[in-house]
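Heads up, the next two complexes both have subunit A, just with different partners, subunit B and then subunit C.
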Partner chain A sequence: MPEAAILNSGSHSLWPRRETLETALPFLALLVMLGIIFAVRPTVFSYFGLTLLFKLAIPLMFAALSQMLIINLGEIDLSNGAFVGLVTCIVAVYLEKAPGHAVLLLVGTVLVYVAVGWLISVRKLPSIVVTLGMSFVWLGCAIIILPAPGGHSPAWLIDAMRWKPPLMPLPLWTALGIAVIGHWALKSSSYGIVLRGAGANPKSVARAGWSLVKARLLLYAGAALLAVIAGLFLSGITTSGDPNVAPGYTMLGVGAVILGGGTFNGGVVSPIGTVVGALTLSLASSVLSFLQVAPVWQIGAQGLILFLVLAGRVLIGGRRL
Partner chain B sequence: MVPGDLIAMDSIRKAFGAVHALAGVDFHVDRGEVVGLIGHNGAGKSTLMNVLFGTTQRDSGRFHIAGREIAGAFTPHQAHEAGIRCVFQELSLCENLDVVENTRILHRSLQGIGWRRRARRLIADQLDAIFPGHGIALKARIADLPIGARQMVEIARAFTVTDAPLRCVILDEPTSSLGHEATRQFLAFVRQAAGQGVAAIVISHRLDEILNVCDRVVVMVDGRVVAQQRSEGLTRPDLVAMMGSIEVPRAVAKARDGSHDQTRDRVIDAPGRDAHDLPIHLAPGEIIGFAGLDGHGQRERMRALFHAGLKASRDRHRPAVAYVAGDRQTEGVFRIWSIADNLTIGTLPSLCRGPLISAAASRSLVEGWMARMKVKTDSADRPILSLSGGNQQKVLFARALASDARTVFLDDPMRGVDVGTKVEVYRLIRAEAAQGRSFVWYATELDELTNCDRIYVFREGRAVEHLEGTDIRQDRILAASFGGMVNA
Partner chain C sequence: MHCTENMTRQSRGRSGTASLTRAALVLALAGAPLLAHAADGVATGDTSAKKIAFSNSYAGNSFRQVMVKSWQEVTAAAAKDHLIADATVVSANNSVTEQASQIQNMILQGYDAIVILAGSDTALNGVVKDACAAGITVVSFAGIVTEDCAYKVNYDWAAMGKIEVDFLAKKLNGKGNLLEIRGIAGDSTDADISNGIHAADKAWPDLKIVNTVYGQWTATVAQKEVAGVLPSLPKIDGIVTQGGDGYGAAMAFKASGRPLPLIIMGARQDELALWKSEHQANGYETISVSATPSVSQVAFWVAQQILAGKEVPKYVEVPLLQIDQSGLDAWLAKVPEGGAANPFYTRELVTQMIDANIHHTALPPIPAPK
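Our next item is the complex of A and B:
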């Protein structure tokens, strides 16, 4: 039958499929970074070396996954970094002395975050504007709680972040764990399909009888929880709180999602890709240090690396981000 | 209602603002019956189906499904539970998901361990049953499938059954992207499903298919059911006559004197795409209409002509062209600008004194047009969105007419505009034409076309019929739109 023949042709080709390449890209970028570091300093490849290298990637992975859930809705969260900063302040000031207060405050911030998401959905507001505004609100709250960097994270949290699990360093176990959970939740579970559908074609999902409001609120709540975890772990690593500790997370998170195969169209995101993307981007500054780039050039050079890696995405995909 | 009816809708009414989309419709479907629903643009077919599927709420009217009364709001979820499925004209699959995942979206019960395996079997079996030899890869994302395959998936998905029963499938232009063989398979399957008690409602402009597959044909005109008949013995000309028989053709615009149809004067002279596509030409002072069912290539052709006109005026100093968009909100108005700014944006070069815009020149232009168009507002400095839809459209007309464009393209500009405004604008268009301006007018309402000197009727992307003067009659337009009778 001619129609069948047309449909079948094209899927068999000598070249790897575009999708395969897209999936492989974040892994390739990570390998290139690691390759450079290995060439310069082979001793990094020890349990201890990898722990140090990836330590700061742990909170970034969670922040990137948080951003991913919002990008799945076809929106963007510019307040992610400020929100994580606020969480580190709440953790460092209250969690040890008044755990009840700390939990209440964290639950409160999550609720406000979800409420803002609900407002964006119901009133069809541009998320870029609302979350930009919210970033200043979160920063302001953080400064009220902790005007200057300081406080002290609870000892159990600091110890937990220093835990040395068997076989692999903690950051790599974390990456594996959340990549698997994220993949299951969004790509394998039956409701995850609905969540991705709601990001790409909300009308169609609503016509199939699903509640869009519920799907959106779930995604916003998930994003808030992941950002709280990011702040908690970041505070455990730095042992203190700082309102301005993580402004870079917002854009690094977006970069990780896009590098990992996500698009701004909604519904197209990859949890595994995002985690690997976050690992890759967290290495950018280390790579530059190993290459002995002068500190004044490092920030600009990091941007260049981000640009090159994302350009790879565009070259392969040929699709709009 | 008749007790045996599967679907009984009585005196259903639905208004959108001042427009009565459904003006008291009675619509019944029997178990296992295949009903064809036909009518021209805006007849209310889609609205009726949206009410039946729960995506639009009726204003009033009684509504029973399988003997159970639907009181109050009706949701797509309830429709699904009641056994009603819908294949929408704009396909409603999620492009980022694969075929199996899209099947899951439709069925709540496909969850828990092994849902993907069950969904795969469900859709694979259904595709094989309807389109044997379809060759669609179930793992392919919808975005990577050609349009015909998407339509097959959408149709097959609508016929899959899990826990809710399957009683009636609404098929809105289901064959528009299917190939010949797939269409044949599909029609045969609809008959087969009907034999097993599954009813279908088929909306199609392909009247042969309607006659081929349907037990009964229901004809809608202007939000009412005007005729219904068993399809045995009916012919295509019969159906066309049923759609056009209600309104007496209006008095047509006076025939032109013919002095301007010398070829050399033409402002547009575009060949067709192929032998079946008529060439389109336009003389100064002429109004030509693009007719036919909505979405049959009129807008695409008009935009192509407009862009060719833009290029010609830029590169070869041909007279300027202007475009009046029908989709005001997305293509027409600058939402946060004032009325005056919206009006003058097309004429800024002529309002400039040196490098700056002259406030006085701009004001006099705006005041002149506001008066001429009778825009109802107290000040042209108010935001454009403070105006009603009809008045916004007048401003867009003024924008085009105030420019030096000699050819104006009208993209169904009267959509959602009240009758009073329409009459004023029709008069204005004719007055402008009398002064030598030319108009290309895409109109979805049959009535509007009587303002044109000549019309081209489009079907499936081509201009298939050219009507002039007294030949511009509803029956002729309908016949050409639906590919109907040869000798009207």
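Our next item is the complex of A and C:
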């Protein structure tokens, strides 16, 4: 008996449980990609190198977290990328010359975003259809504000994105910060259970006496706010605005959420996993160019990497997404 | 490294037999005739270990595809001559974030120079600044960036308008009616050329621009638009154009039975062929002024010369391709049907351009092919 017990416990420690593996997957994927890049060019492993490598992941992390809050409700937001593009235009055109104007416009877009979310939940509309429509509305508004890419972000914003904090590069501090805050808000705080329950099991949340409407509105407002931050930081990095700057964010965001351990069922998402997933996906194209993959193959190969990583999750998890 | 700098300085000071021999050798390889001139222009610092990358914002139309092909031809030739170690080209799909992240990767991959055709004149400034901070030479061309640390290689579009008007004024003795064919409304290049035309026309009070149409730099569109306004027009003596539209304009005039005015041609094969057949039939003489897709080669040599130690001004103006009657046959023989004249820029020619920009002298003309 003791022998069997030892063997048993031994096998347990050698083979971590499925859940542990699943949680570790985005980290593993990130480490593998970083490993390849460092092997090709060791000099990337420096303060400067890591800053450059992850700089454009900063806005993507916020966009992915925004998408995560919507997926948490069992829905999807196909307008995320267009919304971020609109924010960069508002920032580049108004924030420097007429800050009051810019803030009003941004608050206005957040209110519209929340109103659309409210409409989706009250009228039980399919979010895919409504948000797809909204993506064209956001794009149209952006083109009215800024017909051709340009404008200029305020100097303080550009400087903020070039800030070199001590110890770690800015993108890594940002990742750590929002992962911790996100984890606390959704996983540790007492109201976080209600927020997750609003997606996983709305009926029991309502029966327990919590306001479903309030929880949903909070999630939509949070998603809009995170998308605004993504647009703000993106225009700080590119120093300008562009209606078509971020169409890829919609799908990359969804990919990051799923890669990070989320499911489309609602209520099952991980802020830490999403942040790591966003970092991983932003590396996919870099890995390919470091490996000198011909440009014509890169787009397809990037999709293949995404597919492999997500397939890995399904294989380990052994359940539907 | 010190050796490199030494050699550069020596060759620029026209001393040191070794470097002179080397310069002569390289010149012989490149087939340049102007040894004496080039020896004080071309920097011959050792760039055989340098790597140059080209970030192109878009590769979805024929102009851009010829541009990328021209880049690949010139870099392959330069690598063969040991003037660079390696060159690459990456195209973004008109997405500024994609282009920005590609440039960031180029910085990390350790390229010595990055040549950029920017999708936006401001959105890449952040990453261009990063590249400069990493000690990388950044050269933007055609679609240039506004960041100060980057070198800019571009055409003077207003000058194109002046060349056209001056030619017509001379031919018509400063008197006549002009029709203007523009490109695409709202495009900045279109506005620059048109402004140049109108500014130059102010000097000739009797040379009147009587109407304007938008031909979208396309023969078929230009033909349709010109045909549409022709019945309402007085006698037209000359047509100022933006390239690609001359053939269509001529077809519209022929269809209406009007005499062919003096049309400024672009560099497309149909325009040059029409000009030649008209010249043979009735002595028709005009000029062709155009930008060329192989301007990517100019940007390449500018980057290579900076790496080789040459002092280059932050703004390098590229001469427009001008073809006159004497060069017409030579150019036409080289242009494939459906294509456009696309010169191969040598290091010597580009160095002459750089020197002309330094001394503010006339830009060297692009010689006709042999």
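Going forward, the second predicted complex is superposed on the first by the 306 of 321 C-alpha atoms of A that agree within 3 Å, B and C clash if a C-alpha of one lies under 4 Å from a C-alpha of the other, contacts with A are read in each partner's own complex, and residues count from 1 in each chain.
Here, a residue touches a chain if its C-beta (ideal position, glycine included) is under 8 Å from a C-beta of that chain, and two chains touch if they have at least 3 such contacts.
Computed from a predicted structure; not experimentally measured.
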After lining up the shared chain so the two structures overlap, which partner does A:74 touch, if you call subunit B first and subunit C second: first, second, both or neither?
neither
Return first, second, both or neither, reflecting whether A:208 touches subunit B, subunit C, both chains, or no partner chain.
first
First (subunit B), second (subunit C), both or neither touched by A:286
second
Is A:240 contacted by the first partner subunit B, the second partner subunit C, both or neither?
second
Applying the document's definition of touch, where does A:43 land relative to subunit B and subunit C: first, second, both, or neither?
second
Give one of first, second, both or neither to describe whether A:158 is in contact with subunit B, with subunit C, with both, or with none.
second
Tell me the contact category for A:197 with respect to subunit B and subunit C: first, second, both or neither.
first
Complex interface listing, subunit C residues touching subunit A
88-91, 93-98, 100-102, 104-105, 107-110, 119-126, 129-130, 134, 186
The residues of subunit A that touch subunit B in their complex are 1-8, 11, 188, 190-191, 193-194, 196-197, 199-201, 203-210, 265-268
So, in the complex, the side of subunit B touching subunit A is made of residues 53, 55, 75-77, 79-80, 86, 88, 92-97, 101-102, 104-106, 108, 110-112, 115-116, 133-137, 140, 145-146, 148-149, 179, 181-182
Of all residues in subunit A, those that touch subunit C in their complex:
37, 41, 43-44, 48-49, 52-53, 55-56, 147-152, 158, 161-162, 234, 237-240, 242, 244-248, 282, 285-286, 289-290, 292, 295, 299
